[in-house]
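Two complexes come next, and they have one chain in common, subunit A, joined by subunit B in the first and subunit C in the second.
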Partner chain A sequence: MAAPLSVQVEFGGGAELLFDGVKKHQVTLPGQEEPWDIRNLLVWIKKNLLKERPELFIRGDSVRPGILVLINDADWELLGELDYQLQDQDSILFISTLHGG
Partner chain B sequence: MCEVGEDYREPAPAGPPPPRPCREQKCVKCKEGLPVVVIRAGDAFCRDCFKVFYVHKFRAVLGKNRLVFPGEKVLLAWSGGPSSSSMLWQVLEGLSQDSAKRLRFVPGVVFADEGAACGQSPEDRAKTLAEAKLVLQTVGFPWHIVALEEVFSLPPSVLRCSAREPVGTEGAYKAAVDSFLQQHHVLGEEKQSRPCPQHPQGRAGPPTAGQTEALSRLFNSVKTLTAKEELLQTLRTHLILHVARTHGYSKVMTGDSCTRLAVKLMTSLALGRGAFLAWDTGFSDERHGDVVVVRPMREHTLKEVAFYNRLFAVPSVFTPAVDTKAPEKASIHRLMEAFILRLQAQFPSTVSTVYRTSEKLVKAPRDGCAAGTPGPRCLLCMCVLDVDTADSATAFGAQTSSQLPQTQPPVAEAEAPTVSCCHSGMGRAQHCCRMEADPRACDPRACVTAQLCYGCRVNMKDLVSGGPSPAREQAGAGLGLRLRSPGTSGSSLLQPSLDPLPPYILAEAQLRSQRAEAEQEIQERLLEAEDGARPGATSAEQAHEDGARPGATSAEQEGADGL
Partner chain C sequence: MPAPRCASCHKARAALRRPRSGQALCTTCFCAAFEAEVLHTVVAGRLLPPGAVVAVGASGGKDSTVLAHVLRELAPRLGISLHLVAVDEGIGGYRDAALAAVRRQAARWELPLTVVAYAELFGGWTMDAVARSTAGSGRSRSCCTFCGVLRRRALEEGARRVGATHVVTGHNADDMAETVLMNFLRGDAGRLARGGGLGSPGEGGALPRCRPLQLASQKEVVLYAHFRRLDYFSEECVYAPEAFRGHARDLLKLLEAARPSAVLDLVHSAERLALAPAARPPPPGACSRCGALASRALCQACALLEGLNRGRPRLAIGKGRRGLDEEGSPREPQPSGPPTSEPIPGF
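This part shows the complex of A and B:
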């Protein structure tokens, strides 16, 4: 049983184009049975924030290769990637490295 | 390894998975700090060690190649994107350090506004430019903003390779550094400050609507995204080269990262540019002669660049590109990028392996070319041509001969509004139209195609006002390997037009083909003279003189009658 969480979701590097150009989103995740981890967050983002072209952001149950995920300005590989349990006031940043040069 | 009696049906014993880096570990470098980023396959760095690592890599790449001399003018090609912004920032920080480790060249920045090619509205373009100017003012180097539309006013000389002084040896580099340091000790520290930002060069003025429309027309006439990307890259290169030559820069630095170069290597192979991999992906690219393109970011992966920019607040400007939001199979470039990145996700050494392979590529002259006479260069990419037009057994020869128009239309009249090879326009009555000997010579499209390398020829085929060539449509569906079969060139169905191309390309093509014609004629005269004048050398000399002088041949008179 997970309590509602308030987190900041941010997009950069061109990923914001898929979210109406809005870079920062302050979101409140509702309470639910399963705990909130990145995997569930991605599902939530796909359903509620993603405006177009889901295949350019999500692949399977993870992000598309080339998109970096930073949790509180640290590499998500250090924190368990999809299994990281979200905490209140966390900041999750998705940077697309696929655009520009 | 294979052994007699080995049973392949048993699954290999699964070893323990490699330990994943986690937050509880310490930085692998200083063993104290909290790690923030994982580099390579499992090295966790803390913020400070990451910065040292990143900056050191940049300096090391420049230092070990020893190509950028102190005091040299270097043009930084900034696209606004993360890699080139990071490069800009590294140069900025490098120039302002204490004197022992200071970077020693004189930088300028060029920003190319490509909005017209990407279909951006004028308001969006203005917005992007305003953001770019802000960053350029913060950085403080002399800057040049050019619009891609300016390719329509480039001179044909931009396509010529200028001879340059031979690059210095190791000794020359060291001597240059020493003398530079000595000079500055004498002049004192005040003069050592960053080059004061001169009055910014700015731009000549916003492009005219006519030019913008011409550029849009050019890009809309290219039917495949692959050819569009290649064309954009070619035009951008020419434009930056022109800016560098005009303002006296002898080096251009581009922000190509390790990841991008790995993708570029594989893409170039698929595009038929295998002969030029060393120049396209190496540290230095001297194909233009006087201006050398250098890639100092080539050892940084995109992940490192993105992290550095985020952690250390490096400003960048987002500019949409021709392939923004394009689906994965839209072009060979996208397909290859997806392929490499997906492989990288499962096998983290993919990009570095491809990169290390590219480091081993050696720039060797073509077989059969004497050293010092490198042979003709491609009109567009300016690499030494990799084609053998005489060899009709290869796919090339078949491709070239398929350029012959199936019927013999009155080409001179039909092509009159566009470039006409038959009209010399140079005042010298030169016989260019050899319908009886070589019908191809009259077709301006064939003139241009004959001067291109294989990869550029294939791209040129997509510059069609009708539909895409059938082979390329299939190529988009497969892995992007383009196999040209002679029958499907489609030239008999869709007559492509060279109209939308910028004039400097067509002018240079015409110039080169006329020069080739003149040389060929001289050669033929010499051969005739040699055959005819057996006794003594005097008559051979006489015939030689006759041949070299325009106005002495019968063909010449025909031409005079025709004009």
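This part shows the complex of A and C:
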């Protein structure tokens, strides 16, 4: 049983183009039975924020390889990746690396 | 579940785990380690000696932005001076926006900037014109094949114009690994053998060039840019979806997810390859048209332009290069030049 949460979801490195070009989204996640982890956040993002071509952002139940995920400015690898339990006021940043440099 | 403490300073929380060592570092220690490694790459390889005038290939993208930023930090210690060189391939709607980012960077960093344009160097052939010329053949346009060759030539020319002694580009470990895969997939033994090492010393009159970031994984380049709040241009070139490199990149990303060290391991494997005697390319000579290093009568750039100017753009692509006047007398050229109808340049 998860309480409602207020989090900031950000997109960078070109990923924002899939979200109408909007980089920062202040998001309120509703209370629900399932816990709010990154896995469920991705489902929510796909349903509520993603404007086009979901295959460029999501693959399976995770992000497309080449998209970095930072939670409060730390690599999600250190925090359990999809299993990380979201906390109120967390900031989740998705940076795409899939473009020329 | 908070992040572990930094393995270096033991005070701050770690921000990432380095792909190669698995070591967890905070942002400060990671940025310091990243810069130290670039410094080490340059110094240990004697890539940029004191007094070097360094032309930095600047596209506005993440890699060249990080490259220019780090070299600018290290410049006093290395005793080098920097000059940004940007190439305008003539890709509408893309390159103009990227060049705007480069100009902002040049102003912020107070570095001189020179822009060289394909249109000027290659007799009016912008990438958009090349794309139109190669369209409709039923196969992929391969305009990226042209761009790779011509951009290197344009960068060289820009570097000469500013009196540079060395050229640097922002290729990272992922780029190098993708190139290894591409060369394998295309059966290009010559490039496989030449592609390793830290750069080319500059044979045949070309300026020495190197890639100070080539041991840095792309992920770390992006995170460094993020932690240092560097502003870069992050849109994909409009022609990029057609490039063969995309297949190599997709494969590499999947491999990396399963085994993070695969990127650097691929590069090291290629460096240790020895070619079978039959596969070794002949020693290169000089292009009969422009004098640049070439393994055949015409260098790749001149061969590609020859094909474009004859209205037969695929002439110089792929093996064989049939139809070019490399053995006997020249054939009658087709009346289908670049948009400005200027004579074939002597470049």
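As a working rule, the second predicted complex is superposed on the first by the 101 of 101 C-alpha atoms of A that agree within 3 Å, B and C clash if a C-alpha of one lies under 4 Å from a C-alpha of the other, contacts with A are read in each partner's own complex, and residues count from 1 in each chain.
The rule we apply is simple: a residue touches a chain if its C-beta (ideal position, glycine included) is under 8 Å from a C-beta of that chain, and two chains touch if they have at least 3 such contacts.
Computed from a predicted model, the values in this text were never measured in an experiment.
Superposition of the two structures on subunit A shows subunit C clashing with subunit B.
When the two complexes are overlaid on their common chain A, residue A:89 makes contact with neither subunit B nor subunit C. Look at A:74: by the touch rule set out above, it reaches both subunit B and subunit C. In the superposition on chain A, A:97 contacts both subunit B and subunit C. Once the two complexes are overlaid on the shared chain, A:6 sits clear of subunit B and of subunit C alike. Using the contact criterion defined above for the overlaid structures, shared-chain residue A:65 touches subunit B and also reaches subunit C. When the two complexes are overlaid on their common chain A, residue A:53 makes contact with subunit B while staying clear of subunit C. After superposing the two complexes on chain A, the stretch of subunit B that clashes with subunit C is 145-153, out of 145-153, 181-189 or 487-495.
Once the two complexes are overlaid on chain A, the subunit A residues touched by subunit B in the first and by subunit C in the second are 12-14, 17, 65-66, 68, 70, 73-75, 77-80, 95, 97-101. Of all residues in subunit C, only 1-4, 13-17, 24, 27, 59, 61-65, 170, 172, 175, 218-219, 221-223, 226-227, 234-237, 240, 249-250, 253-254, 256-257 touch subunit A in the complex they form. Subunit B contributes residues 20-23, 35-38, 44, 79-84, 255-257, 259-260, 302-303, 305-307, 310-311, 316, 318-321, 324-325, 327-328, 337-338, 341-342, 344-345 to its touches with subunit A in the complex.
Within the complex formed with subunit C, the subunit A residues making contact are 12-14, 17, 65-66, 68, 70, 73-75, 77-80, 84-85, 95-101. On subunit A, the positions that touch subunit B within their shared complex are 12-14, 17-18, 53, 55-56, 65-66, 68, 70, 73-75, 77-80, 93, 95, 97-101.
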